[in-house]
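Read from first to last, the chains carry the letters A, B, C and D; within each, the first residue is number 1.
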């Protein structure tokens, strides 16, 4: 290990070149197996993402929000949780979903328009995707207040972007968390862009500093460094579970792709920026480290590659096989208890539909 | 002048005992006349407030939100503005209204239910009272962005309470102001209470520190010290006008009375607290200072007292004489341009009313 | 039987709900020591503690957003919005999250959150303290919306709302908070989604809810002196509507007037009028008329008597509906 | 005459408005370099500069709140809300401030703010991107609400909205953004508060606005083949309604169907039905029917064809209205 080369404000444990570095406050001891597992996560998660983009291009998904470039932030933080912790994602946390054991098919289902969120949040302690920017931060704090009342050993981990930090809700969540000392970790993936708007449209100073004004610690971590993301998030979660209140983690990373498949980033950002960030790729550095420290050989990498291919293929096949919901499904689950208006409309609709039977 | 006796974080230029103290960053040179004028403002403003409370008790007003105890914060900041600056008040800024030249009768009109705000905001550069907590902070920032576009030498000064700092809007206002470097001063009167909720329900750390997380300076001033409030606000406004962006001023003060005339503070706070703050009364210390430094004699005080009495008496008389609005006035000004629905309803209403004519 | 004000009936109902289920929480601005500005939560913090009766920071979006999170963790929060006009900062959390999350989860998540809103005018208050925002919520699929009009209903409806596994927006007629009635503790009420025939009538049906029920009953009594038999329906549930009860009444009278404080334009009265017309078309002797607020912001209090439906305006509509 | 898409027509209208008055600003998320996610503001920042075309922080309350402040300083901001479902964080600023401040000031303050909202479904989008929230605003006194349905109207209506001294909520039918028509630059349109007879008809009147106008016209054409003369009114203004035009049409046909994408329950259709029934009572051969969205959150896109009114559902309602 060598001394860190990045500015001290950025916690980094693995350089872009794949060198392990020390940090005075955060360190982590990982077995070879653990590192290989992280590498596998990173590669598979990227593969899922790639397949989804391809599926969207071919018209099989209505939209996809790619996580390309953010794999380390998501896998590092995702693997920092215990089973009892609860994650609250945005619409881009496919890597976190993976770590929580959510079948990627469910994610595709949402973007295919089969449903608005097909997994059971309690099965994986992974909440539904939230599309309205920032809303989920308050849910995470409320959930954490519930954890407090239960006297449970757990914490909420809530994801949001750099753009989201401008929403009133996110700042209210900071206040609530601070005032109630709630066991919640705010994990901000600063990928430098909110669609076409660069970071400076949301803040003049580094985002992790926002927390200080609310009376809790903020820390910036190299979001492309899976070790650092794991170490920092794990520490913050432990801190929260131990009753020491919230932490804001700013994962400094980069959105390598378009905002979503509907977006055209060439309209607003220069290619050079992307090239510079490619040198900091979150997967390459782990690969270099595994090689360099002889924790893995070519056979391992080939195996993972093959697994990824298979995963992509399977996913595609299962996506194409996803059945459309029944038309009347739109009336289900609007309410938990019987509701006369829904019943009436469902019946009218069924009658209406049946009028087409045998027709044509 | 002597060295300051309060914690360094609190800017104070006049102690509760009426002693002038120095501050390394803020000072102010006031002529005897200026000090006497400030004293007069403080006394008259308190008198207006007292009369309003009495009028409410007697059923002449529906409600009143007393400023008792906050006179120095309001007069100090109110007198810090130039004519070109624009003030955005809450519902309690009667002292600021006074400094801007708004006839207190207008304030009474609102609380009497004659209208929702009867003065011309442009005449006095004093915006209407805003009752929805925090909303006006965004208006002030937008107005300041307009000032920027006009290239004018002016700033917005926006008032809000300690409770308001929890609202999303206020935090969004901080973000906007910071990102656009808008010429706005955020003036938070921390009177320790939001109705029945003490400060710790809104924040764990001093409020002025909130600003640092948004990238602009925050400062806490003794809100019962009119000199300090004047000095600090004046400096912040100047800074804003000169293009150096926003400042958050936290005026540390105390709501001596009930939240409003509808409130019963004995349900939630102890009498001792009030007694302790009485010793820090914003008016007494100026009086002591004037006496001590022989800037005023008994005759002066008597004159102001008499003026205050007269003001109260006049105000009462004019309040009782306030005519109720015409019934059809509720249709006026809903829209600036003709609106068929309003026209239709006004006509129906007029016809309906005329049905009662001659009746009974 | 105990004589209670409507506010106290709500208080007792909340107390019973908290006694019955330890997951029930009360949260909002000033609900603790102060007991709420209308004292509806009076004494609850003292008896159930600060963990169950939570004075929150001053932010409505935060109140509803964290209530959703608490509900996700198995709690049943009852949120107080201090006044009708202050619900709008929470509009996003109510409309995009509270109302939609159960469907979003295909039923895996339920959100038994109650949003209590003191509503309506007639108390001489300043701006934003006298509004009737129910239509914003009745138009929002995924929410149940109810309004109580008297102490007896208040006592049972608040308990039923807390027990309901769907989110419920619960309107309380603030100018009726001090109205009294005999309430029987523990007695069940009508199901939460059922309307009540507050007064049967043969000539015309008045449909109302919340604060206007009493006004309509008074109008009905006055009309009786003129020899007109005027029925009054207290809707209780605004979404869903109890159409069978409404239909029965209108089919009998052939004449119908909807009364609410909210502005008529695109208010709930329009929905009721359209539905009644469609379902009772051949029985209607006259169009369904509506008496309500005008299409203006709520006026300053010196004008509110002109703005609010009152006996005279209702009786004038009764006359009009007989003019067809 | 130039052939323009609806999106481009709005763009040209905005450009003309900005040319005409240097106080006109455009603000919102991604309206600058990107030109908005639908390219409605394409090129405006390049031509008018960053001071007049402002990429804002990501917060809708902030957008409307600062727009109000800018308006108080004499500017005329045109705010873009990126999608219908994201207007709710701004609900408080729109409902309690934008709509009420002019009255609050007794007319001393005017707020010429335009809130542009791409609305409606049919584009296969994820949640919150296909909604029709107009009723939240038509029920809010103090706002004008309009909806354009075609490029010609889009071009003039956006200019009229900018020129209007009242706040205007401006709905744009997003699935019609790519529809084309010939637009004459500089030509005036109908006044902003007037409806347009999009197609005269003798047997039944369809009332629609925004995206449903085209669908209704198609339905009318299809009905003609069955020998029914179906008229279509494009409301254009949703508050106020142009009742004279509506009344004339319904008095002729005696049958009326309102069509919108928003949920029927407490939607604008209820208001129209109630008004039409009151004003044309003796001419109506059947109750006013409504075809609209169901009382569910907007469904996942694979179901939207079932949710949205289409030719078949409109024609089915036409059949039904003749069943009376």
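The rule is short, and it goes like this: contacts are C-beta pairs under 8 Å (C-beta built on N, C-alpha and C of every residue); 3 or more make two chains touch, one makes a residue touch a chain.
Note that this is a predicted model, so its numbers are computed, not measured.
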**Asked** With chain centres set to the mean of the C-alpha atoms, which chain is at the far end from chain C?
**Response** A
**Asked** What is the distance in Å between the mean C-alpha positions of chain A and chain B?
**Response** 45
**Interchain centroid distance [CA atoms averaged], chain C/chain D, Å** = 30
**Asked** CA centre of chain A versus CA centre of chain D: separation in Å?
**Response** 36
**Asked** Can you list the residues of chain B that touch 2 or more other chains?
**Response** 115-116, 132, 166-169, 172, 175, 179, 201-202, 334, 341-342
**Asked** By residue number and range, which residues of chain C touch two or more other chains?
**Response** 56-57, 59, 61-62, 85, 88-89, 92, 96, 100, 103-104, 127-128, 141-142, 239, 265, 294-297
**Prompt:** Chain contact graph: line, ring, star, complete or other?
**Reply:** complete
**Message:** List the residues on chain C that touch chain A in their complex, please.
**Reply:** 51, 56-57, 59, 61-62, 64-75, 89, 92-93, 96-97, 100-110, 141-142, 144, 164-166, 193, 239-243
**Message:** Which stretch or stretches of chain D touch chain C in the complex?
**Reply:** 61, 85, 88-89, 91-92, 95-96, 99-100, 103-104, 127-128, 135-136, 138-139, 141-142, 239, 262-263, 265-271, 273-275, 277-278, 281, 286-290, 294-297, 324
**Request:** Would you tell me which residues of chain B are touching chain A in their complex?
**Result:** 165-169, 171-172, 175, 178-179, 181, 200-205, 209-216
**Item:** Parts of chain A lying in touch with chain D, wherever the complex brings them together
**Value:** 62-63, 91, 110-116, 131-133, 163-164, 166-169, 194-197, 201-202, 262-263, 267-268, 324-325, 327, 329-331, 334, 341-342, 345, 349, 352, 355-356
**Fill in**
Touching chain B in the complex, chain C uses residues 29-30, 32-35, 37, 55-59, 61-62, 85-86, 88-89, 124-128, 265, 294-297, 299-304, 306-307, 312-313, 316
